[in-house]
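Naming follows writing order (A, B and C), and every chain is counted from residue 1.
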Amino acid sequence: MTDVATPESSPGATAGEGEPLLLQGDSITKSFGGLVAVDDVSFSIPRRSIVSIIGPNGAGKTTFFNMLTGLYRPTQGRITFDGRNITGRRPDKITAGGMARTFQNIRLFATMSALENVMVGQHTRMKAGLFGSIFRAPWVKHEEERVRDVGREMLAYVGLADDQFEQMAVNLSYGDQRRVEIARALASGPKLLLLDEPTAGMNPQESARLTEFMHKMRDEKDLTILLIEHDMQVVMGVSERITVLDHGQKIAEGKPDEVRANPRVIEAYLGKQGDKEAPDGDDPEREES
Amino acid sequence: MGAVDALKKFLKAYGLIAALLVLPVAYGIQDLNNQGNLERLAENLKDGISNGAIWALVALGYTLVYGIIELINFAHGDVFMIGSFVSVSLWGTLGLTLATGPFGLAIGLLVTLLIAMVASGTLNVMIERVAYRPLRDAPRLAPLITAVGFSFILQNVGILWLGGSPEGVPDLIHSQQQVVDVAGVSITRGDILAIGVTAPLVLLLTTFISRSRIGKAMRATAQDPEAARLMGINVDTTISFTFLMGGVMAGAAGLIYALYQTTVWFFQGFTAGLIAFTAAVMGGIGNLKGAVLGGLIIGCIQQISDNRIGGEWTPAIVFAYLVVIMVFRPQGLIGEETREAG
Amino acid sequence: MSVVAERFNRHPNLFIALGFIALGLMFPFFFDSGAGQMQTAVQALAYVAMALGLNLIVGFAGLLDLGYVAFYALGAYTMGWLGSGFFSEAGGGDGLHILVSGQITALPGVHVNFLLVIVAAVIVTTIAGMLIGLPTLRLRGDYIAIVTLAFGEIVGRIAINGDEITVNGTPLTAGRQGITPVDKIKLPGLDQFQALDLRPWYFVALAIVVVVLIVNFRLRDSRLGRAWVAMREDEVAAASMGVPLVKTKLLAYGTGAAFGGVSGAFLASFLNTVNADQFQFSFSIFILAMIILGGLASIWGTVVGAIALSIINFYLIPEVFKNAPQKIGLNFDLTELSFGIFGFLLVIMMVLRPEGLIPERRRKIELHEGVGPTSGVGKTVVEAKG
């Protein structure tokens, strides 16, 4: 594979195993009025790697994610994805460009079935517009069938039982909902998959299975995966590289063993244990974790 | 920052103010050309402030309710209308006529004021209990629809009460009678009434909300209902009380309106509602001072429009301003951006 | 299971539609062609088309539009401008005639073929719908309601005062007097419709409803339909899945508006007048009440709701029950209570059965189990762009 060095790569960025960089963030800052949620974080992800972002609650992880996916516009800084500057672009355009995500508090479309959820995930891979849908030309019908088939395929891939495909999302078990969210994200055929606390609420066996699954996804679907995680076992088990945020700043970055031994990281976590946890706002976007 | 971004930023900050200044400035210039002075414009603005005081009172109701439960009380304008109707009917019951002496009139009107305020306040509370509370967890559409439904019911009550056409009412205070002339602008009794009743009421309300316990409870609930509940505040009662305050203001506005305009109509609430809502948004929804400011500004816009362009166009112009606010500055002139308006 | 029953299970809508069409086709033959019930029926069908339009905006896409009357007005005025003697100076006094035939060709004013007027009405209202939708794109539910309401009022005011606005000496509207008479429909190959024989009008209205129904069903089960539901449920998640919010919302407004425009143009011709009194706020609520009663987002529900309210408003209240209050000793007729009755209906529906008579599956769950679009004190801090 030819080495496609992105023109914007900063000289100091590590390129992982020599693979080209898929995502690069330069000096990303986000402030809300007086509050600085993310403070001058530079960050890069090589292709086909699995990278984690960790940090105590309130560290700015989800805010960071939200900037990558276009939900927030960085106050400062620049994000480059697959060679293109995506800073401040619309979320649907970023998804169309190959980035997909799941949410920390599962955000499936509650009254749509699992399959319909995954079909929405394919919105950017479809062409039927207003008139196409009204006149239902043969190509539109075929497209619908294809999308339905791909949907079923994705649901099967993530391990959802057949009889649950038409089940309304709100009626699915928690674990199944998580599966469907991943299937929905995969359905858009992304290059980069962002998983926001994918193992929240899972027991160790389930987490282990998800870890395995992440490897499988990366290998089989040629994916790059970025996760936010709290479960250290998962993080250590799956990540090739870890970035640690605390109070919006990057305090450490490196291989799992390096990070684990880093005194600043230990202090950030231990120090936080005594504090009252930052209250969850009503709004998932505001969760700065 | 590109030129487009800079332009956008400029428009966001000043677009609304510029839009608001268009009418007075344009007509001011026209006046200077035609008459050589600004007396007519000053008169417009004076009338605007008096009218605006009434809108301010109604706007306070919208802003209080929106601030606490983030809901537009669509029926609020009609609560105002009922306030007018109650007032007018009470005049008959109390025997207040043009012949009543000043002392009797003063007592009579005071009694009317109190009863109208109580009636409208109670009505507003009742609407909250019946239409909004059961639907608190429903999608946003639901309470809005019930509010519209109530608006219609109240309008029908108005139709049955005093008929479908505007009703003239006795000009009890001789509202057009000039009291003093200030630099060519005629200050009338109606003006004194409007400002004289509104200002103290607004002061009372704002003082009450900032000093009293229940006022603090209202503000806490508006900021964060869950936290307020955890602190032991009875959110339901607080919300009811907020509706009461809003209704009380609307009732007072109803009486002032009847005395000032000397006409009442079942449909006045609909138009007043939209105008007052525009005022509330203009100032910044949820912001009490903003509601007052917005009311005064809208009053002026309305007067200039009525006087220069024609009363039949005024609603369209006010609503056009509403759209402008929503597009350029949904948080209003002095609104805060915490609980965002858009 | 019999073959028919099995077929029905797979395509229930098709069977219901065929049943509806069959009933619809048979209906006129039970009445005189000029009967009052026929008049109500034609209007009811026109309102069904409008309700389906509003259902698309409010029900499918979840955009609370309280100003639908604007689209009715624009459709009607399109017909009024292009199909009457209103612009008497057109063509130097001889009139401007486009693809019309018969007596009309001698009349002054602008007279355009009805089918072309329909096309014009669609174009005008679609653009208007998008323009009205544009300021609402970043607003939340209540605010969308107020802004669309404001637009509805502005259009209504322009309708009333339009006789004062002149372009080159020609007024924009005829205010409360109304543009009248309005050309009657003339379809290729058929004689021009008459005022007294309501059957052809009825069949045209029925055809419009059938087309609107087809469009609705097709859109509902399409990529766009799913995008609308997703957007309605969770705008942020939808955008994150690739749904372009601006385009999706504008398509809802435009398409919904177009139905109003077609129906408006039809009604202008049918009622033979386009006057400002037809275009007031209460109309928007009337149509909204239809979809609330029938069931938000429910296509058949909307049809039922529209027919029911039309019957109540045009037939039951003014004719059948008109004197009901007198029978219990009250001194007014029921039409004076129309406002209140509608208001009461809205309140009762929302409190007792918000999902409507024929609920749409998803909305019923949203309304009863508090899932789906957040309500109450929910707030979206993230202004999902696009």
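What we mean here is this: a residue touches a chain if its C-beta (ideal position, glycine included) is under 8 Å from a C-beta of that chain, and two chains touch if they have at least 3 such contacts.
The model shown is predicted, which means the values in this text are computed figures rather than measured ones.
K.L.:
Chain with the smallest distance from its CA centroid to the overall CA centroid?
P.N.:
Here the chain at the core of the arrangement is C.
K.L.:
Among the chains, which is located farthest from chain A on the basis of C-alpha centroids?
P.N.:
Farthest chain from chain A, going by C-alpha centroids: B.
K.L.:
Chain B to chain C: how many Å between their CA centres?
P.N.:
33
K.L.:
Can you check how far apart chain A and chain C are, centre to centre, with Cα atoms defining each centre and the answer in Å?
P.N.:
The computed centroid separation for chain A versus chain C comes out at 43 Å.
K.L.:
How many angstrom between the C-alpha centroids of chain B and chain A?
P.N.:
Computed value for the inter-centroid distance: 48 Å.
K.L.:
Give me the residue numbers in chain C that touch at least two other chains, ranges are fine.
P.N.:
Chain C, residues with two or more chain partners: 366, 372, 377, 379, 381.
K.L.:
Which residue numbers or ranges of chain A touch two or more of the other chains?
P.N.:
282, in rising order.
K.L.:
Using the touch definition from the top, list the residues of chain A that touch chain C in their complex.
P.N.:
That would be residues 66, 69-73, 90-93, 95-96, 100-101, 103, 107-112, 116, 119-121, 123-124, 126, 128-130, 133-136, 140, 143-144, 147, 168, 170, 184-185, 188, 282-283, 285-286 of chain A.
K.L.:
Over in the complex, which chain C residues touch chain B? Could you list them?
P.N.:
Within the complex, chain C contacts chain B at residues 58, 62, 64, 66, 135-136, 138-143, 145-147, 149-151, 153-154, 157-158, 160-161, 164, 281-282, 285, 288, 292, 296, 332, 336-347, 349-351, 354, 366-367, 370, 372-377, 379, 381, 383.
K.L.:
Over in the complex, which chain C residues touch chain A? Could you list them?
P.N.:
Per the touch definition, chain C meets chain A at residues 215, 218-219, 222-227, 229-230, 233-234, 236-245, 251, 255, 361-363, 365-366, 369, 371-372, 377-382, 384-386.
K.L.:
Write out the stretch or stretches of chain B touching chain C in their complex.
P.N.:
Listed in rising order, the residues are 69-72, 130-131, 134-146, 148-157, 159-160, 164, 225, 270, 274, 277, 310, 312-313, 315-316, 319-320, 322-323, 326-327, 330, 339-342.
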